[in-house]
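Both complexes below contain chain A, partnered by chain B and then by chain C.
Now for the complex of A and B:
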């Protein structure tokens, strides 16, 4: 990887290992890098420990989504999902356990996979991407068992509402759709851009970030990031963030959001922006909190740079991992 | 002020107090004694002693008198005087009248005693005088004797010195190496050795041996003279023979001259090569190595390589004549050091330093010229110089082209001698001297950096040193021969000139806003490109650094001082795309790097806008498909053409705000499968050739 390639690298996805000691990150060249958090966080860390312990090419296209199950790392590339064993990866054995491809109708261009989520109720993987549909992969049998159709443009993000067994998806068409995972039917559809409080016509109507916590939902993208009450299906607060948000997360009584602009935004549920913490990439694509291990409890963010910023404390950037 | 000091002072005072009363007492005693004696003398009646010598001489009398006797007499008369006085007193006390006979008689007697005392006093004085004279006499005699003694002692000392000098005397003959005694006895004739005399007398033996030595030396001197004479004779004969040979030279020259037309006719540049090799003998070693290698390479592999020597041959000859000069510059530098040491004490003037600098940077009078012809007729002239005192080689370059290049302003830098060969090998800028020893030489004469003299002396590139067989411990590569560099370097040189000439041509058309796309590369771009190159200018490194949207490039260390910088402006309608270009001197091996900034509905750059970033990577990262036919001289123009295509796509796929009425500024003409894709909503920048649609990477 030459310096020019490094200069034009973007990090799209991250996932922590089940043990919490490793971080996997995927970039726009289809590579996945494995960083050792325990080495990087140890007191005698050197510049070398901020480099990946393992880098391998997983897919042809960019790796837009990474997901960890109990023992597997799932990665999404250009129209395909691959599974890798964490134990083998840590031993630096790079061989996918399996690679699956949803049944796409069109053949001219392979649709990308933008987002994946696990439905732990029936151990299935929900995959959303470029063909406007959600595909449900049964992880027990390894077959695609259902297709959720409804979006009129490609799907940006998928998330799961565990308690209600609901799947939520946001797309380029500006709609947040809620699906019943049991019947595979669309339950609700919210056109976020139609709500005046969140609409930002100068950007567009796509929904690129979506996350839920019990009865609450965060969504944003072209429209401003907003907090929704799902029972009443109404926006409760809108966050005055300037750019388009790519990923958001609930953290304790706060909301962390990243997107355009070189900072992590800390928002209060009431709708105020509490702080914007600067970081090195000019725009951010991904944000991940390590909850798997107490000693390596960090926040990592990646974006339009070869660096992944690590926050040991939410209020400042500690150091950067780099490809 | 301690109590001790006080005590001391007190004790002093006490002592002095104690001293004075004693002194007083002593003095008082003395006074009393004087008074006593006076009293006694006065109170004594003199005893008269008659002296009836007719011829009176007291001195004669003195001899006959005994001082002891006189002393007794004195005592007697004093006593009788005292009794007389007391008798008078008694008489007077008893009421004797003034002038009565008894008193009168006694007075007479005492007068006689006084007379006697006077006489004794006189005698005592005379005796004292005589005693003094006698002492003086004796003393003079002692002095004379003492002087005599001293003289004698000095004489003794002098004689001793003389004796020791004599003992220490070293004869000259002791230094002469004489033949051993046995040898002498065997070889020396009887009349010299005189065995009967010398057998027992070592002195005579030595004398004899010395005689023998003298004899022998005389003989050898005779022999030396003879040899000298024969030598002279032989030299004379040599001289005569030389003269004869010299007289042959003009004849030979005439023959050579006469044979010239024949040589030309047979196309055998016999003499020319001979002349060149003759001159080459005076080349310094590195240039000679280069000369031989280049000649060999030219003959074996590259007919378009031409080597020639220029410069003042006589001066070079003069340089190589004194052997100690050309032998090693170590002694030179030693002498310099010494000079420097003495100089340091004196205040150095600027003029002296200047002279020293000039001396240090002096180059050998001969230089080597390599002409490298390219296929299109342009020639790269390389002039190699050798700096004698620094022991490095430098090169100057010149390009002469077959066709007159129409002047492109931005191409000015391209064929400049200064930058033409910069970084031929990685990071070989040729600005600093590759010889680490030079650092110390520079310190002495106050040269800060060799870069200041590069203009005048040429560039000391590493590859130049390698070609000349000079190796310095600092370069990491293992020692290799000049020959192993020759081919690769010549190829690189030719490649460099060709790429520069190609760029030169491209720049000329770029400045007229025409992007030359060759037929081989036509398939890379759609037929219709609406965006136009509006401007192509050169900018300085400083100007580049001041641009706000290149921070990431400089942070990654990809914008070096040796690179060339350009600014391209692509326009379509109201949109204006600025592209700052870093062109490495090693182009096309290292591809140009574009950084973009679009002003359209506000300002955005590759750092903030993902799509512009994608356009950057489209030209910077996916450059391999843009290289065109080998060796990829069309890369730059293809990159610019692709930039125009990408700008078209960018503008045509920009989401239209529904609320704004009226027709779109940029109607969609390009065929795209999807306008956005992925989480960062990238536009389709990849052109698929036969079908003619755009897709995502």
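Now for the complex of A and C:
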């Protein structure tokens, strides 16, 4: 990887291994890099510990989405989903377990897959992408069993509402749709940009980030990041963050959000921005918290840079991993 | 004087065997001759010890003073004997181990009063204190030391200070050596405070004259994995060869896992900084400086990014702290475990400590200290970096809750006052006691021109010198223009009777003044009369229906009104009919011609009336004269006419301007002298 490529690299996705000791990151060149957190966090870490232990090309196009199950790493690339075994990857064996492609209506252009989520109830994978639909893949049998149609423009983000077994998807058309996983029907549709408190017409109506913890939902993008109460389907607070947020997460009694701007925003549920912690990439695409291991419980963010910032203490950047 | 038998008996009680020289084996009787001085000393000492014990039990120093006066020897010998005696008593008390702190203290009190009485040397109380503190455990030393603290004023008094200060210093230093700074912090503090109060500020033994650093204050932290406390338990157990219990350890060779991720990078850099604070001279070396710079920038960047919040959670904690009595935060050394790093970073007080360390360091590096070597100079880059970082540090200090701004201003103020102390040290710590100034030769008078206040009004009689005799004379007539204008001599307005006297006289038909010659016809006079009436007479303002054809007619009527009212002067009354009717004798001309302004009354004419003469007393009661005044008049003169005159004069004096004809007429009528009254009112 030459210096020019490094300069133009963007990290789009991250995922932690089930044991919590490794981080997988996907970039715009279709590569996945594996970093050893235990090495980087150890007392005698050197500059080398902050480099990947393994880098390989996974797909032809950018790796927009990475997801970990108990033993597999799922990656989405140019219209296809690949599965890798974590144990094999740790042993530096880069052969995928399988690669599948949803049934696209048109065969001329191959839509990208933007986001994936797992429905643990029936062990299925839901992918959303450029063909405006969500495809449900049964992991048990390996077939695509359903197509959720409803969005009028491509789907940016997908997430799962565990308790009610609902799928939430946000798209370029500005709609957040809620789907019942069993009937594969759209039960609700929220046009976020139509709500005055959230709407930011100067940025557009697209929804780029969506996350939920069953009762509450965070969504943002063109409209400002807002917290919604799902039962009543109404916004309770909006966060005055400049720029469009690309990923947000609930953490204890705070909300962490990343997007345009070289910082991680810490917000309170009431709508106040508590702090903005500076980081090295100029804008951020992905934010992940390692909940799989207590001694490697770090926050990592990546964006328009070859560096991934690691936070041991949420309030300051400790060091960076780099491709 | 006691007999030698007595002394011998005392000595026998004290222990003769101690005195017996083992080589000479001289008997007591013989001993008297050979060891006279020693005998005397020991006799005296025993006697004094016994008296001291007696004094302690009776709580008065009388027995001791008596004993002192009884023993032989000159003052110096006796004093040193008593010193020894007291030390002996203390020694016995300590050995017996039955005494309490109070007993020791009463002995020391006794020694102090002995010094005051002049029977003991001034160093003895200090020696006793030193002995006691050396022999007692620390908890009892605490009580003894409280006694020392309470009596600072005694130690500082003239009789004790010079003798005792070195002993006290040694005693305190010995105590400090015994105490642990972290275990007995309060006691150490008390000792230091006591020393600070005892000695003046410029006492050399308490000063760090060379501005040396405490190089022993090393901060220990885990520099590499081997030293990490995480691994210690593991290696110890391995050495013991014990079986590793199941589930106790993690993997075989890895150290015991800690529960949180640790940023070793920051940890190491952060604690390395403490070495620069310990020994600031390192900063002048180029390579050390580069390291310091790099590490500082990183640390301060973390402080900047990791802002402390004073939101609800910490507010609650603050209220708890305040409620608990405002506990003071203190620690002797930094705790440097890596697991504490996160907690320390989120603590306001910890941050304040570190930032303050930076400020103190910068002040030293920039400051003019006499004892710095000549190589300790900052170059321009360093100076610039220090200035920028100082600004950043102050900004960070202000952001730290609670009361960040107040803290930052306070710190700035304190560091500014430090400059004064620094220059004091550079001058060799001179004493703060002001010396009596020696009178120099008188100052040359300044050539400067004096301010007006300086020469005006300073001459004799408070005269103001204007620089010119004539001006001075004029100015000093009266300095204040307004006062001058108000003075009586400028009162140019005449009184009514003065002005109208002529007119009144002319109005008297008996004078037969022709109309055209009357002064009231003069328009000039008339105008002036009007002006005067408006200023002085109430008649001017009384409304009247009477119509006057001319000013002269108006003035005529006014004049007649006035004539009735005004106290009439003898000068003009001389011509009146009243006088003419009753006048036999001439009135002395001087009286007439004086024409005093304060009016005479017409007393003289009445005197000539023999009817009044003897009956003046009847008039007196109606004139409201007091009996005392009447008696006075009677004693003054025997002549009734004279008495009548005196009466009238007295009445006039009392009444002043109220001594008018009308009032006199009223009194005369009331007294029954209506004839005289009528005559008077006609005139």
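Everything below uses one rule, namely that the second predicted complex is superposed on the first by the 323 of 323 C-alpha atoms of A that agree within 3 Å, B and C clash if a C-alpha of one lies under 4 Å from a C-alpha of the other, contacts with A are read in each partner's own complex, and residues count from 1 in each chain.
Heads up, the rule we're going with is that a residue touches a chain if its C-beta (ideal position, glycine included) is under 8 Å from a C-beta of that chain, and two chains touch if they have at least 3 such contacts.
Note that the coordinates shown come from a computational prediction; the quantities given were computed from them, not determined experimentally.
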item: Touched partner set for A:48, first chain B, second chain C, both or neither; value: neither
item: Contacts of A:4 with chain B and chain C, given as first, second, both or neither; value: first
item: More chain A residues in contact - chain B or chain C; value: B
item: Chain B versus chain C as contact partner of A:282, first or second or both or neither; value: first
item: Which superposed partner A:318 touches (first chain B, second chain C, both, neither); value: second
item: Which of chain B and chain C A:274 touches, first, second, both or neither; value: second
item: Touching partner for A:304 - first (chain B), second (chain C), both, neither; value: first
item: Footprint of chain B on chain A - complex, ascending; value: 3-8, 10, 12, 61-62, 64, 108-109, 112, 114-115, 130, 154, 156-157, 172, 201-202, 204, 206, 208, 246, 260, 282-283, 285, 304-305
item: Footprint of chain A on chain B - complex, ascending; value: 552-553, 556-558, 591, 593, 607-608, 610, 613, 616-617, 620-621, 655, 657-659, 673-674, 676-681, 695-697
item: Touching residues (chain side chain C, partner chain A) in the complex; value: 222, 224-225, 228, 257-266, 301-302, 305-307, 309, 311, 338, 342, 345-346
item: Chain C-facing residues of chain A, complex; value: 41-45, 274-275, 277-278, 294-298, 312-313, 315-319
